[in-house]
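Next, two complexes with chain A in common: one pairs it with chain B, the other with chain C.
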Partner chain A sequence: MSIAITTQFICFTVLSLVVIIGALGVVLLESIVYSAFLLGGVFMSVAGLYLLLNASFVAAAQVLVYVGAVNVLIIFAIMLVNKKEDLKPINDIKSRRVISTSICLTLLSLLIRVDLTNVWSLSSPQNAIGEESTIRIGEHLFSDYLLPFEVASVLLLMAMIGAIVLARRDVMSKDISTGLPVDQELIEKSSEPLLTNKN
Partner chain B sequence: MEYGLDLEYSFNEFLKGFGLSSEIAHIIWLPLPMLLVLVAAVVGVLVTVWLERKISAAAQQRIGPEYAGALGVLQPIADGLKLLVKEDIIPAKADGILFTAGPILVLVPVILSWLIVPFGQNLLISNVGIGIFLWIALSSIQPIGLLMSGYASNNKYSLLGGLRAAAQSISYEIPLALSVLAIVLMTNSLSTVDIVNQQSGAGILSWNIWRQPVGFVVFWICALAECERLPFDLPEAEEELVAGYQTEYAGMKFALFYLGSYINLILSALLVSILYLGGWGFPIPVELIAKFLNLPINAPFIQVFTASIGIVMTVLKAYLLVFIAILLRWTTPRVRIDQLLDLGWKFLLPISLANLLITAGLKLAFPQFFGG
Partner chain C sequence: MNLESIPLQAFLVVSSALFCIGIWGLLNSRNAVRVLMSIELMLNAVNINLMAFSSYIDNNLIQGQVFTIFVITVAAAEAAVGLAILLSLYRNRVTVDMESFNLLKW
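Moving on to the complex of A and B:
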């Protein structure tokens, strides 16, 4: 084996292990904060896998969108509402765990079956576009994938308007979560104080 | 435009002269530029810390460090040594793993971003195709490290500082990326080398600052906000938050934050000079000088001359910007958090969007001036 192939193999092994162990940790860990940070690690390793596939633009976009935006927002939200209180115990927790595990395992076996039965047609290394991919992605976004691209932007706009409506309670006269009339003078005031009884 | 020193090629040829295969030569070559850039970054930090002390002293009519070496140049080294030998403290109720990982996550993306900083045609670690986009992506990892250290410290000031830092960098990343996008639109490439080459036509007249004055100002403001320099140093506002997310840190972990913030400042200054001030370009094109001296552009003497001029020009421009940043820090008051977010979302974002739109229009109207 040449040095380049060995390096690639080692990188692939390490990245896949991090993805699998990290993803298991995201699901199985009790602490939601650790789960959120591990999720960031999983996203980073997926970006590393993209890099191994010579898709540097996709890798950078993965880091920017998933790590830099999605994961930061998740952690941000967790920290804003990080109240140190024990959750109420759920009665039938065991049966719920069994059901969710079996559903996950079924999905996994389905994916493995698809992986084994499908014939993956790999383009030869000579046809790899490499650095050209940025241009190619742009061309696709503005030609055959134009409609999905624009629809996605409309979806994001809807989500944004929804978030603004939820955040600015002066639009509504009633608090939608508690049903109490909204204090119009203190729009920024949350219905519950955020940073009390921390200890 | 493919001229200039290619040290990698010469080095590999030199090693092959000893009978080594090209793969082994490549492996021996790989760590050299990385080490060089790391050393350059750390030395740059030492110089910046010294400048900060001296300029702040001048701004406040003091003398500043004076006894450690001539004019106090050894003061930053003394600071570094002190931090190295200080006790490494992890607070009893802090979260040890996250507390340690936080500073590392802050520092590593900043150092990785030096990958794309060119000091000459071939004088950079890697001319990756996604160039400047890589920097934008990497700098978006930093808030995670800040949130992590803010949370792990188990201290309300740290948590507030971390939250502020994350909010600030998310808000200022968008206008920053949009103003970079306007430059990319004019260059037709994301690569930093192409961006500099695009500005090298007519010396100082072809620098992007004349074509993108609005973008330049927006980028500089956002870069300062990303570095948490004083008009925008809310995450560590001393009077409100003790020291923000750094409050509980001591010794080398604190030094990592310190290094990270200064390396980030130098990196931002370098990127401003690459994007808007012609990078390694001399105000008068080197080709003209070579023609004036009647020397071919590929002569070894001219090549060494261009390479050294390139490095000197890049560093000079970057340090001029660092000087401005330090002056700003010691002369401007801090903005409030609502003013900071208002400035980012209600002023810089619309302005940079309009700038992008106008650039696209001008590119269609005058392709010879705004990149075809």
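Moving on to the complex of A and C:
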């Protein structure tokens, strides 16, 4: 894959601008639904950056897993828990904002300094294997990364079972602590909250 | 200046900025769903780093790409479990405000 260098630069600039501005929108926007859809845009642009790095397989995996699964899951979670509520004001919110912003800016300047001043030992020519990368990834997964590959399957199974166990309603007919019959209704018709804040 | 290709540093700067935005969101969000989104942003920043290094420094044995695949796997598992925890928190406390989850605070 060889695109003209000017095209590469234009693509890179547009994609990285979308990534940065979209990420700022994700953390700064008031509405959580807008944030979720912007997050999908950020994931798509990151997939575009992977395509610029000649990694078509990882770009496809990024689109499938992040946009297709994680983002949809987040949107579903927002639909389940999106209740308008007035957040309690925090009295020292100003100082908190100042401290966290300064920490983030310091970290950013440190990282950028390291990025720009370090001398990276680049190999040449770049992107030598190009479209063969999918084949190479498959070879890695079934030779020297076989154990992590198998462990990842166990991890996914554990995450699936854990998510089901955590998110389901109680299966027992009586509540253990109170002895009352357990409410099997949907979330929206919720019962008395168990651990409401006393203060 | 005649450049052969996009410099490695450009990718690194983008991923640093994305990572710091993720940390800022993680520290400042009050909605628990937004905290999960910030974690996903940070994982994506790390992935960009791994992919850039694997393309520019290790372009014969692209081990960075294999690592990215594993990170994507772990991120998917983390999102599923995190949202399940969020649902069960919401069922018990009827809020997603991070400030109200303070049972372990001393």
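Criterion: the second predicted complex is superposed on the first by the 150 of 199 C-alpha atoms of A that agree within 3 Å, B and C clash if a C-alpha of one lies under 4 Å from a C-alpha of the other, contacts with A are read in each partner's own complex, and residues count from 1 in each chain.
Just so we're on the same page, a residue touches a chain if its C-beta (ideal position, glycine included) is under 8 Å from a C-beta of that chain, and two chains touch if they have at least 3 such contacts.
Since we're looking at a predicted model, the values are computed, not measured.
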Putting chain B and chain C onto chain A via the overlay, clash or fit? fit
Look at the residues of chain A and decide whether chain B or chain C touches more of them. C
Is A:Leu52 touching anything from chain B or chain C once the two structures are fitted on A? First, second, both or neither. second
Check whether A:Thr101 is in contact with chain B, with chain C, with both or with neither, and answer first, second, both or neither. second
Which partner does A:Val18 contact after superposing on A: first (chain B), second (chain C), both, neither? neither
In the overlay, answer first, second, both or neither for which of chain B and chain C A:Ala60 touches. first
So, A:Phe37: does it touch chain B (first), chain C (second), both, or neither? first
A:Met79 contacts which: chain B (first), chain C (second), both, neither? first
Check the residue A:Ala69 against both partner chains and state whether it touches chain B (first), chain C (second), both, or neither. both
Applying the touch criterion given at the start, work out whether A:Tyr145 contacts chain B, chain C, both or neither, answering first, second, both or neither. second
Could you state the shortest Cα distance, in Å, between chain B and chain C after the structures are superposed? 13
Set of chain A residues, in rising order, touched by both chain B and chain C: 57, 61, 69, 73, 76, 80, 195
In the complex, the residues of chain B that touch chain A are 23, 27, 98, 128-130, 133-134, 136-138, 140-141, 143-144, 147-148, 150-151, 156, 159, 162-163, 166-167, 170, 173, 190
Can you name the residues of chain A that touch chain B in the complex? 2-4, 33, 37, 40, 44, 56-57, 60-61, 63-64, 67-69, 71-73, 75-76, 79-80, 82, 130-131, 134, 195, 198
Which of the residues in chain A end up touching chain C in this complex? 5, 8-9, 12, 16, 19-20, 23-24, 26-27, 32, 35-36, 39, 42-43, 46, 49-50, 52-55, 57-58, 61-62, 65-66, 69-70, 73-74, 76-78, 80-81, 83, 85, 87-88, 90, 96-97, 100-101, 103-105, 107-108, 111-112, 115-116, 120-123, 126-129, 133, 136-137, 140-141, 145, 148, 152, 155-156, 158-160, 162-164, 166-167, 187, 190, 193-197
Under the stated contact criterion, what part of chain C meets chain A in this complex? 3-6, 8-14, 16-25, 27-31, 33-34, 36-38, 40-41, 44, 47-48, 51-52, 54-63, 65-66, 68-70, 72-81, 83-88, 90-97, 99-100, 103
